[in-house]
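All chains are identified by letter, namely A, B, C and D, in their written order; residue positions are counted from 1 within each chain.
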Amino acid sequence: MPAPTHRLSTRVRYPETDRMGVAHHSHFPVWFELGRTEWMREIGCPYGEMEDRDGVFFPVVDLGVRYLRPARYDQLLEIETRLASSEGVRVRFEYVIRDEGGSTLATGHTVHASVGRNGRPKRLPVDIRERLVAGMGMERER
Amino acid sequence: MPAPTHRLSTRVRYPETDRMGVAHHSHFPVWFELGRTEWMREIGCPYGEMEDRDGVFFPVVDLGVRYLRPARYDQLLEIETRLASSEGVRVRFEYVIRDEGGSTLATGHTVHASVGRNGRPKRLPVDIRERLVAGMGMERER
Amino acid sequence: MPAPTHRLSTRVRYPETDRMGVAHHSHFPVWFELGRTEWMREIGCPYGEMEDRDGVFFPVVDLGVRYLRPARYDQLLEIETRLASSEGVRVRFEYVIRDEGGSTLATGHTVHASVGRNGRPKRLPVDIRERLVAGMGMERER
Amino acid sequence: MPAPTHRLSTRVRYPETDRMGVAHHSHFPVWFELGRTEWMREIGCPYGEMEDRDGVFFPVVDLGVRYLRPARYDQLLEIETRLASSEGVRVRFEYVIRDEGGSTLATGHTVHASVGRNGRPKRLPVDIRERLVAGMGMERER
């Protein structure tokens, strides 16, 4: 099985910009989520399936973003995602957003609780946990 | 019972602006929805209750907007909403968005299908239909 | 010069869904804009450059959308864009959004005014007009 | 001069919810901004004027959010905003978002750099600094 790429490219959309002429800060968490979504798909756990089939949801319980440089309209962003930890019912992802030249525009993290349809904490199914850990390991090796 | 006000004020939010310096056109349908939501509340049919209690949903099947003047950051908008028609499983709302001086910034409409939880067309419950018709009548009298 | 592809794929993002479980109707104009942006890039007129270098802006003056089927989370959408007309300071684009199986989810149009930095109508520079017309012609031949 | 209220009410909009049935986490920074905007207006420094007249911008350089309970559609939120510090070219705001019953849904902070039109750090004009400090003091006294 090939190592997950962990890298996703996306362009800054026009409505993501604001009157300051650059992307509004509230869109960076959306880009983090794009990176996380593709990371989950890569390890064989598409997030939508996890919700629909396994009844496991990953609401965000903690978010942090450091903004270093503005992201401009139509700029091609590279989103790097890695799973930093998975302990009990908590998983933590870390992100770096770079421009085409490799300059870091922002870094950040999200912490998620694993919950069931009723909103209560729910242990991750074994096969999902194993895939997450494998994904984390592959990341380390790179 | 007092006549519904049909008028709602809201300010243009910073992230609703784009690099052109004015509100992005995709936010006008969101403002229409704010007006529609308060209109429904006024006639005694809060939209959320209609979904949760009656299992009736109003997805948009047709949308039209004419943009006459830009909406600027922090500008206080007045959203005027009226129910234009309610026939069978279709309801049509019409909207005017004005600035504080009364100038029209945009006009538009939405057509909604009444559907049930399964996504299929569903006749409106009698009490909701009666309230809608009453709301439409009051509008006419003003 | 190769014919513009006019076709763009994008996935429905999680925050684009709403509590009805499907994409909110206000995101379809954003997807139209993605299609239009790539169409402009294809014909050699990247929209951002047109704004920054030529001082030509294309604000939306009219929008219409017909919603036929819901768009679901993570679904891969195909956005088909064509330039329908370009007369004087008005250009009209038309769009079809399909799912992976080719079913039409929505159709729509946007009409844009060509304006300058001062917000007043501005004739399109000759080279942009020529590229637009060429793009429209290629579309017809397909 | 009356003390700034620091409290703003806003309802959760339909498109702010996602398929999990609650507000998407990316909207909390937008609500923080609403609180900050009204706080600035209260102390006599409307943010838009500060940008347009003084050429002073407050881009976000650091954001943190802790999510404790979900925010539901149409729920009336109370946003509490306070200026935590203002040193050199950095200002830090802190926020609490509560539901109607007073339960805390989320807490967070934003740190802003004061920059000029060129994007470079810019000292706050004296009158703005004085108003900020006064606003901070009033907050302490409550």
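Rule of thumb we're sticking to: a residue touches a chain if its C-beta (ideal position, glycine included) is under 8 Å from a C-beta of that chain, and two chains touch if they have at least 3 such contacts.
Which protein is which chain? UniProt says A, B, C, D = Acyl-CoA thioesterase.
Keep in mind it's a predicted model, so treat the numbers as computed, not measured.
Of the two chain pairs examined here, A-C and A-D, it is A-D that is joined by more C-beta pairs in contact. Compared with chain A, the chain whose C-alpha mean position is the greatest distance off is B.
Here the spacing of chain A and chain D, counted between their Cα centres, is 25 Å.
Our note on geometry: chain A versus chain C, Cα centroid distance of 28 Å, whole angstroms. Taken residue by residue, chain D touches two or more other chains at 14-15, 19, 22, 26, 30, 33, 73, whereas all remaining positions touch fewer. Considering their complex, residues 13-15, 30, 33-34, 37, 46-48, 73-74 of chain D touch chain B. In the complex of the two chains, the chain B residues touching chain C come out as 19-20, 22, 25-27, 29-30, 33, 51, 57, 59-68, 70, 119.
Within the complex formed with chain C, the residues of chain D that make contact are 14-15, 17-19, 21-22, 24, 26, 73.
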